[in-house]
Amino acid sequence: MSSSFGTLFRVTTFGESHGQGVGAVIDGCPPGISLDETDIQLQLDRRRPAQSKLTTSRNEADRVVILSGIDNGRTLGTPIALMVKNTDQRPADYRQMRSVPRPSHADYTYQMKYGVQALSGGGRASARETIGRVAAGAIAEKFLSERYGIEIVAWVSTVSTIEAPSPDTMSVIRKEVDRSAVRCPDPQTAEKMTDAIEAAQQADDSLGGIITCMCRNVPAGLGEPVFDKAEALLAQAMLSIPATKGFEIGSGFAGSRMYGSAHNDVFIKKGTHLGTRTNHSGGVQGGISNGEPIIFRVAFKPPATISLPQKTVDFEGNDTVLEARGRHDPCVVPRAVPIVESMAALVLVDLALRQKMRTNETIR
Amino acid sequence: MSSSFGTLFRVTTFGESHGQGVGAVIDGCPPGISLDETDIQLQLDRRRPAQSKLTTSRNEADRVVILSGIDNGRTLGTPIALMVKNTDQRPADYRQMRSVPRPSHADYTYQMKYGVQALSGGGRASARETIGRVAAGAIAEKFLSERYGIEIVAWVSTVSTIEAPSPDTMSVIRKEVDRSAVRCPDPQTAEKMTDAIEAAQQADDSLGGIITCMCRNVPAGLGEPVFDKAEALLAQAMLSIPATKGFEIGSGFAGSRMYGSAHNDVFIKKGTHLGTRTNHSGGVQGGISNGEPIIFRVAFKPPATISLPQKTVDFEGNDTVLEARGRHDPCVVPRAVPIVESMAALVLVDLALRQKMRTNETIR
Amino acid sequence: MSSSFGTLFRVTTFGESHGQGVGAVIDGCPPGISLDETDIQLQLDRRRPAQSKLTTSRNEADRVVILSGIDNGRTLGTPIALMVKNTDQRPADYRQMRSVPRPSHADYTYQMKYGVQALSGGGRASARETIGRVAAGAIAEKFLSERYGIEIVAWVSTVSTIEAPSPDTMSVIRKEVDRSAVRCPDPQTAEKMTDAIEAAQQADDSLGGIITCMCRNVPAGLGEPVFDKAEALLAQAMLSIPATKGFEIGSGFAGSRMYGSAHNDVFIKKGTHLGTRTNHSGGVQGGISNGEPIIFRVAFKPPATISLPQKTVDFEGNDTVLEARGRHDPCVVPRAVPIVESMAALVLVDLALRQKMRTNETIR
Amino acid sequence: MSSSFGTLFRVTTFGESHGQGVGAVIDGCPPGISLDETDIQLQLDRRRPAQSKLTTSRNEADRVVILSGIDNGRTLGTPIALMVKNTDQRPADYRQMRSVPRPSHADYTYQMKYGVQALSGGGRASARETIGRVAAGAIAEKFLSERYGIEIVAWVSTVSTIEAPSPDTMSVIRKEVDRSAVRCPDPQTAEKMTDAIEAAQQADDSLGGIITCMCRNVPAGLGEPVFDKAEALLAQAMLSIPATKGFEIGSGFAGSRMYGSAHNDVFIKKGTHLGTRTNHSGGVQGGISNGEPIIFRVAFKPPATISLPQKTVDFEGNDTVLEARGRHDPCVVPRAVPIVESMAALVLVDLALRQKMRTNETIR
């Protein structure tokens, strides 16, 4: 169980979906950052269930409480613990699932790994675990924004087979993303996506999708070759989010079909620094940010928990039909947008702090 | 610079492309594994340059020497250091590149990160760095094979736009993969790929491609939620390989377009365990292996170093035309096959050792 | 700020002395251990203030609440978060200290490190931080006791210049230790120690002391050379406890004055294993436990916060006289006994889990 | 086997006493430090055997070779690998010891831990392993000296019961320490110590001793509470050195016998900073350096390998008499002086780099 992420800015999350609550401890947050609960709540509200008819009806206010590490509205440099209480639990919904592992869910693998029956409702495999990440990510974003002017914006670029035209990636902002509940900045596509999700919901089925994420104003020099390259840590971060199946940066899988002469990002002068004419690299070269925007995409599978009856077997191997109850998202991507942003922020803040060891500045 | 990978079975690589040599230290290899240099040399030979006309002409024998950690043909449980000397260096080839950063290579970002001119030939960003990984991976594979019967086989599934039909993934073996220099197990496709690579080489250009990797006989229970999930560590491992742009597991990006009812892998009884009818999950659920084969794909971009003239700027921002010399692969995927296998082995061995903490067995 | 300890069984503590509360997250506790709050409360009660007239009058019940990681009275193998609320805070007591750094306390160094004024009452440097350690240690002890029969017993062996005769180290138990409030198992010495502490208290002064700790039934093989040797991690663990100034294992500093021929612990047969006739090694050889009891001693300085007026300077360097208020222990060793035990347990549990990677057993 | 030390400046050592060689990889050394092999050789020469009649007659030149990470006499910021070959091996000397574990040596515990017979000559438990530490420490010292003016000087303060008067700790330099082969800066005491060591050698016996170490010009702010406090990491570092039994900082064990009013280091103005009148704290308060010199002491036991016959048992438990051959130091402290300095440097360089994350400076 590795519930910690990061080397210098290290987040440890805790909590199950149906226990007392979920939260995180952030160890290594620099001192002196102005911070209160509203900074964090904003992103939690974008992640929380029951925010629209497209999401699970489980109704959790998800109010964050900061337990330590802050004094007079500023970070102390000591561990910041924060917590969100679970309130709307219905463990009874999960009774059948204790004997029948849900297909493509984590019931079976948790049993095999831990040898104890997973908690009702998914335990740590529940998306509820990501609350701690989003809260920690909000703090990371605050630091990145204040010190470096870094902006991180993610949006839904496809739902099922419905693909949005690429927005003006250099200027898209969260406000535009949040105009639709589905979090696609293109209004026409957003409508189609909404319809598709609602149709799937009606059919007791579920849909997948893809999120695109953009990180602007990232200074050159972030990334720690050879194993903690920027794209390697981003890939780990994204694939640690529940329901993800793929990650690509810059040209991604499509780039594997290009010629080198077309794929190469030639340098041009941009003010006092060098920039690149194109950005097939997605903002990283050799594992290190080059000053261009970091852009990547994350694929999410359709949620495993559906109400359609499924012919499967129970833990003992006996044939059965599973009809999942519980309250579930028909498509996770709208709520996953702030999760992707938060994990990106956690990667970047850690790399920014690690890079400081190479500056010439001495401590005092 | 994070040149270490793994928690219990931890590899640290060292060495630049044009220094004295490259190598690795493996800390945490269990004692008592039979091991000598031939176990390692086999995979190094599959990775080494000049093994066919499709690869760089740089001629390195890449003979590995074990410096420590072995006695009487068995691992001692102490750090295993190993090294490969560089012999065929031609730093003069790289003279122009010291003033002109190669487009889409790491020259510029290393300069921005470290503030010192990168070594001729790419330094740590050279694919030569991966020798240490392949050597360490060979040791990991030995352990995984002896203790668990795990088999790891990767192959080239696309080169540029040429895509091979999927082989019988359950039975494809390395011998079949190695039948062609391009490492595609389908003979007809291999021939087309070879032609395409040779044509690109003639045109002073380069091609990308995709590698598919299969891990069979992986026991259920491997993966450490929530941040060190099996797919998260695989993603990190793969995206840390030079020239990679994407990673997907199981259904991957295509899975994002499926319905949940079609995507879910329903359980069936397989002998004494549960298995799944389909394997869209790619062998992992909730971040933990489920006993089905782990299958994933890795996208490689076309190599950045091409001999075609490129209009770009030098470090000072002055317009220039770069004509790269040096000896380079026109397409890296044939030689990247053992690198992908090795990184997969490093992920699995570490997860296997970490999972042992949960067994009921006491130490003595 | 590194508030995490351990590689596989990893504890992260959080909380300041005068914020909302203090606590810990334990990541990597094996699943299936029976555990509830009473297991933890026992040791917290031995650590808590106001338990006798020898300790600070700050009155905290220190009731622990488990927030996650437990279901049906058993550990799930997921992170265990636990918390103790602060109730009896009197920040006003610390007003002068915000401008005058207390001599030999952490006020000055926290200011220099973090650049923000430390919280009233010592913040993270307060002994209150150790609550999270004691809670986590209690869980570690549960595991060590159930799986290995390991017993950890610490006691006060000196207070100031008053030294207790060595108890029968092989059989001393906590009940005997707790017979006196001062936690010295020898009744006569305990009385003298009590008198000395009371006298120092009356004189507005403070006393130091030494704690001896014994770990019985530790299996041979624990310790990870060369940097995580058992004694190295114990030394780190002990010197991370507030107010500690020294650590010695086995013969310790006195051993440096012995001849090798007298110091060597010759082997004898003990049942099915080898044992040693003497135990100058203190249960570890070459950094690895040898099956004999681990025995070590920890030196604590007299508490820095005293009510006697002290001529010192304020943060600006102006002469001043500091008369500390607040409520403080005149001697910390009685309450430090469970802290020492807990840190020992955290070291041993982590080493026990790490050693399991070397067993021949496979996962399934 | 944890052969890595440090978080940002991380050293991994490798090599057995009687294999091909020993060495280290330093990952995270900042770029741009001027460095060549002579910088390192100087400290290796102070550590090497056969440097005087007081040390083992094993004759090893211990010439270091840098394998990677340096170009044009400057560090690249990439891993620095370095190696020293073993040349004077006599494994035959160790034949009896393969069946009879040497008392108070690591033969038995390595067998119990790794389940394979330890290499002749002690394997990783040999003091020869410390070569990698000393080489890495020399690099760390170079950085600390250039950037911060930090000076680290250790010396032999006692051999057996012979105790040197404290030198002028503020000004003692290595040249004075090295005036005598025993490395005690006081000439009269050095002579007595020499006589005592020679007498023990004649008697086929061995002696212990204590080393004092002083670190001057350490900036305030180094140390990472709560587990990586400066004194905690120093304690770990020192107790990881072979043959150590104790560590104390500042007043140490003696401090436990003082009154708080006498022990407290009151503040005074020293130039632009605050300093303390006394230094019972040993340069650290609350786990963080306060700008005063860091001073600590390390106790070494008498070497376990002696030529005097010892009544003991073999691995099977049969009575036997062991007469150790091999070539051994009668007292390790003279050669341990640079080892202590090196480990101190490794702790300080890592803490200095970690503290940089808290400066306000941004990366670009």
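Every chain is named by a letter (A, B, C and D) in the order it is written, and numbering of its residues begins at 1.
By definition in this document, contacts are C-beta pairs under 8 Å (C-beta built on N, C-alpha and C of every residue); 3 or more make two chains touch, one makes a residue touch a chain.
No experiment lies behind these values; they were computed from the predicted model shown.
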item: Selected interface, C-D versus B-C, where C-beta contact pairs are more numerous; value: C-D
item: Label of the chain whose CA centroid is most distant from the centroid of chain D; value: A
item: Chain B-chain D separation of Cα centroids, rounded to whole Å; value: 38
item: Distance between chain centroids, defined by C-alpha means - chain B, chain C (Å); value: 45
item: Intercentroid distance (Cα basis), chain D paired with chain C, Å; value: 26
item: Contacts with 2+ other chains: residues of chain A; value: 1-4, 7, 13, 28, 31-32, 77, 113-115, 124, 220-221, 355, 358, 364
item: Residue numbers on chain D that touch chain A, as the complex places them; value: 7-8, 28, 30-32, 77, 147-148, 219-222, 352-364
item: Chain D-facing residues of chain C, complex; value: 1-5, 7, 13, 101, 103-106, 108-110, 112-115, 124-125, 129, 158, 160-161, 200, 205-210, 220-229, 231-240, 242, 244-253, 255-261, 263-269, 274, 276, 280-282, 284-291, 299-304, 306, 308, 310-313, 315, 317, 355, 358
item: Chain A partner contacts - residues on chain C that touch it in the complex; value: 1-4, 10, 12-16, 19-23, 25, 27-28, 31-32, 65-71, 74, 76-81, 83, 112-119, 123-124
